[in-house]
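Comments concern the structure below.
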Amino acid sequence: MKFRKSEILFFALRNTKLRIGVFIVALFAFLAIFGPYFAKYEPQDFAGPGYNPPSGEYWLGTTTFGRDVFSQFVYGLRSTFLVGFVGGSIATFIGLFVGFLSGYKGGLADELLMMFTNIVLVIPTMALLIILAAYLKYRGVFLESVFIGFTAWPWTARAVRSQTLSLKTREFVNLARITGMKPLKIIVVEILPNMLSYVFMVFILQFGGAILTAATLDFIGLGPTQGISLGLMMQQAVLWNAIQLGMWWWAVPPGIAITAIVGAMYFMNTGLDEVFNPKLREM
Amino acid sequence: MGKYLKRKIIIYLLTFFFAVTIDWVIPRFMPGDPIRTLLSRAAMRTEAMDLLYNYYNKVFSLDLPLWKQYVNFWVSLFKGDLGTSVYLFPSPVFEVIKRAVPYDILLLVPAILLSWIAGNKFGAFAARKKRLDNTILPIWYVITATPYMWLGILLAWVFGVVLGIFPISGAYSFSMSPSLSWEFIWDYLKHWILPFGSLFIVQLGGWAIGMRNMIIYELESEYSRYMEAMGAPAKLIRKYAFRNAVLPQITGLALQLGVIVAGALATEVVFSYPGIGYLLLQGILNGDYFLIQGCFLFIILGVLIANFFIDIIYVIVDPRVRRGMSGETA
Amino acid sequence: MIELKDITKVYSLGAFGKRKLTAVDNVSFSIGEGKIISLIGESGSGKTTIGKMMLKLIPITKGQILFQGKDLSLFKGEKLKEYYRYVQGVFQDPFSSFNPIFKADRIFELVKSEFFPELTGREWQIHVLDALESVGLNPKTVLNKFPHQLSGGQLQRMLIARALLLDTKFLVADEIISMLDASTRIDVLNILAELKKGGLSILFITHDLSLGYYISDESIILYRGSVMEAGKTEKVFSTPLHPYTRMLLDAVPRIDRKWTTFEIPERKAVGSDTIGMCKYYDRCPLATKECEAQGLIKVEEDHHVACWRWNDV
Amino acid sequence: MALKIKDLRIYYQTLRGDVKAVDGISFQVKDGEIMGLAGESGCGKSTLSNALILLKPPMKYISGEVFLNDKKLPIDNYEAMRANRFRGVSIIPQYAMNALNPIRKLKQIISDLLEHHGESFVKMRDMIEERLKLVELDEKVLDLYPIELSGGMNQRMVMVISTLLNPSLLLADEITSALDVSSQKAVSKMIVEFRDRKIVRSVIFVTHDISILYQVADSIMIMYTGKQVERAPTETIVKNPLHPYTKLLISSLPEVGIKYSQAPLKGIPGRPPELLNPPEGCRFKDRCPVASEKCDEEPPLVEIEPGHQVACWKVGAIDD
């Protein structure tokens, strides 16, 4: 127990799940950042003849309309990471805020906040987004991320609340109170630092969740009206019968990327859990 | 126990109220004239356009005071009047959705229940041995990270296009019409299996992971240790732990419903399966506002009812709730 | 110094606070300067609740607490901070009193930043070293360490030192040695006794009668939220008048005397809340139908008992 | 002889190496004896008692032998030990208040546990009800869930369950620590009664509280950092301790009748050494007021008089 910090680092570096997860995410992040510089065409440009399978010129082939799939893919990856980051951050933040407030304040504030949380929890996120998206004329990737963030927080709020409740009973919170500290300061200075590892794990899950939600949203036609995303690519592929026509290079890569990124995120999460929670460590 | 259910029912009623209100508020408080917005996005012939303009005007009745608009909205809702579809003009939305719902139920209910049961069994099984756990766990993660529609695309491509075993579009062949004949049922099942498969497989991963984590936690618990100290065989300890681990999985099922429904919508789109998801896509592509709204309300209603059933089951299996000891809150 | 007047605490439990639980029922006592008072009772007697109310960690349902003549409910915001300058507490669990992810001496830093922001680091360091010395700690062994690197006894002493950094006049010590090892607990008690000589008043909360006897001037025996017996420690212990006090004294495991019998009046999960009857009614060997709830009777100077049959015993 | 332990070593595996929690312990417990096992936290008393029934990682068996009723107890063989658990050795664990699955009915739990030892709940029902009376529980609790009982009632329920098969050895691990005086007395009474009624043959009563042991134990063994320092009949340990550690420990106990203002007591200065790399020789030497160079060598456990063993070079060297 003595070398707490270095011990955690030791386990983090040694944990295979964490290492694999980080590697995969980093790989795709690299593609998202630098891929567009290698892409020869703009994603919506007509790059050449349609129905082209992958070749030296069109690395991932072309679509029915002759757009370059590789360009769409790397730009789409960017949107994916943007959605994950923005949506995940917003959801994590709201979840933390509501959870802390509800758990620390207790009483009526807690009752009301939890009732609201439960209501948002039961309403299918997708349904809410459908109504919102149906009325917006122009939607960008960023706006989509914000919507996702604003609907994905309830489970985080509930989890953070129960963690706060248990931390609140620890005497160091009482000690901070008789040191004359204000509630907000106690939350930030005493409670939050104890939950950093947990918050980080929540963020990873929200990151992955936002990506999946965005992909689904795009797929059923509620995605961004401008720009490209992996979900939109899949939607286009299905709409223009890419499957029936055997154009696997159009329909398959976006899904592989999403699955790999989100799967790697979940994997990282389990790895981190083992790092932070000694009970789960492999001896 | 009565208190627990009462509390839940209040939440559900509030949720429904909240959802309907959102449904009413959004078109009215968006910038611009909602009717113009809707019409501009509806792809249709001009003669229908005038008809529709008048119709919308009547339904939205923007000249009335707000509270009256709101009351009218609820009144027509209770009459089952969800407006008229633009996409399938002039069918009432209620009728359109009513035709779609059975396909959803027959697809979703088996997919959800079977994947839940199988996921729990597999998850508990894999947690038994460290080696087994380490090999299977990555597979679960990949499966659960797969977007529903993409798995649908893969299945359609492999089984429909490459192998050509299953049809990949619609709920039954064009040449058929729904009847209770063996021939139809067989045809229906052939169309059903791929959408079912993609829903089943993706969910399976999530449940298996959930069960694995919960049962590992339960096996570490003090009651498991005590049983071990009393010489109880591993099988009995696992049986006890499983029962405890299933409880949060039931709650998890309620929490996941929304996500599952979203996945189902997307899956239906892949397979042009005539459920609500497919309708919704058409509604969106055609700017059919009333259809979208109707789908929205139906989805919410469905999720709420399912949630309620799950609550009743929860009360039956968890003595903490049954005997009025808090247990799971709200 | 500090006075409790008819303090009552009712907890609301369940959804929207429908169930009520009276944890403290009309308790009054006062603590003079330089006195140690023991608050003794079984678990659920409300002793910790009283301590928390005196530290303003939980609100009072009914009654008044006066600190140097001023009503505690008037202390809010900056005034409350001033209150904590004089009134401090140390809690039962030393490990939970420290935030596990920070170094243990951070508790001193927090006192500085909240109360003495104007002092320089060096000036403050001198104060800290002084305080550590008066609780018998070697700065080298406790500063710059994480809580898990220190023993429970060292941590509790640091918490007492922390209180000394302020102008603490009254200290609530809530079961502060119950989680310490036998070899170190007595030293912590001795520190409290030494501090008392310097004028500090202490409320010593415990379930262990021998500890109460060892250190306190006065003792209060609490049962289910009510005072059963109170007075000078020697009087309460040498001539216990309440059947409950006697039962407790008999139950204390001692190393100079073996229990004569193992019999003990059974404790019900939920006591008989027969309205108006003595709270100890259902366990009392002497109970009669006339045993109504009883206020404290003054038997002699510094000795009060809440039993009308004290004389029959 | 109910229990005989020879040179038992149980280590804890940690990242930084083995923690020598039980380091060469030998002792015996007679039929009908309640042996108190006392020491400060971290002295290995809980490890010792847990190793006798459920030895699993991170606990590691190093060496030593255990005999129960003159038969070797295979504590290092998890599977072979299974048949001995409950019937041969049983435990009332420290966590007894949470030891029962909260969502199973008590009779279900009992019947499942019994079944795998070839007994039946139905056949034993009368006896179970009798035992419940012994611990002052109503037979109706059998139809309840553990969550419906208080912590104390759960503990007493565990006391009943753990002793149902009349084990030869009962391990009572810190069962009075979380209780107040009146409940401590009630629980102690039950343990003594189990022994008196021959429900259990012998008991190891693990606690840090010597004054409780004085009330219930026949003999007391004092442990310090993985070693036994002294073992003697209860009266001897309390009235005539020989090891400096025992002496200091006993003299630091406050009692009713002792006041700071009249006779201040003293604790033991310092902290026990880490068990990862314990110092050579006597492990108490750094805190011992009478230590000398001799103590750099490990003192053997010597029988001073029948039933009284001490591990100290200086036995008798400090006067009271």
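Every chain is named by a letter (A, B, C and D) in the order it is written, and numbering of its residues begins at 1.
One rule holds for everything that comes next: a contact is a pair of C-beta atoms (placed from the backbone, for glycine too) under 8 Å apart; a residue touches a chain by one contact, two chains touch by 3 or more.
Since this is a predicted model, take the numbers as computed values, not measurements.
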Touching both subunit A and subunit D (chains): B, C
Between A-B and C-D, the pair with more C-beta contacts: A-B
Subunit B and subunit C: spacing of chain centres that average the CA atoms, whole Å: 56
Separation of subunit C from subunit D, taking each centre as the mean of its C-alpha atoms, in whole Å: 31
Separation of mean Cα positions, subunit B and subunit A [Å, integer]: 21
Approximate Å spacing (C-alpha centroids) for the pair subunit A, subunit C: 50
Residue list for subunit C, restricted to those that touch at least two other chains: 15
Touching two or more other chains - residues of subunit A: 2
Of all residues in subunit A, those that touch subunit B in their complex: 114-115, 118-119, 121-128, 130-132, 134-137, 155, 208, 212-213, 215-216, 219-222, 231, 234-235, 237-238, 243-244, 246, 248, 251-252, 254-255, 258-267, 270, 279-280, 282
Complex contacts: residues of subunit C adjacent to subunit D: 42-43, 151, 153, 181-187, 189-190, 193, 207-211, 213-215, 233, 237, 247-249, 251-256, 258-259, 262-267, 269
In the complex with subunit A, residue positions of subunit B that touch it: 11-12, 14-15, 18-19, 22-23, 26-27, 30, 34, 37, 130, 137-138, 141-142, 144-151, 153-154, 156-157, 160-161, 168, 209, 216, 220, 255, 257-259, 261-263, 265-266, 269-270, 277, 280-281, 284-285, 289, 292-293, 295-296, 299-300, 303-304, 307, 329-330
Residues of subunit D that touch subunit B when the two form their complex: 53-54, 56, 81-87, 90-91, 93, 95, 98-104, 112-113, 116-117, 145, 147-148, 158, 161-162
Complex contacts: residues of subunit A adjacent to subunit C: 1-2, 4, 111, 170-172, 174-181, 190, 193-194
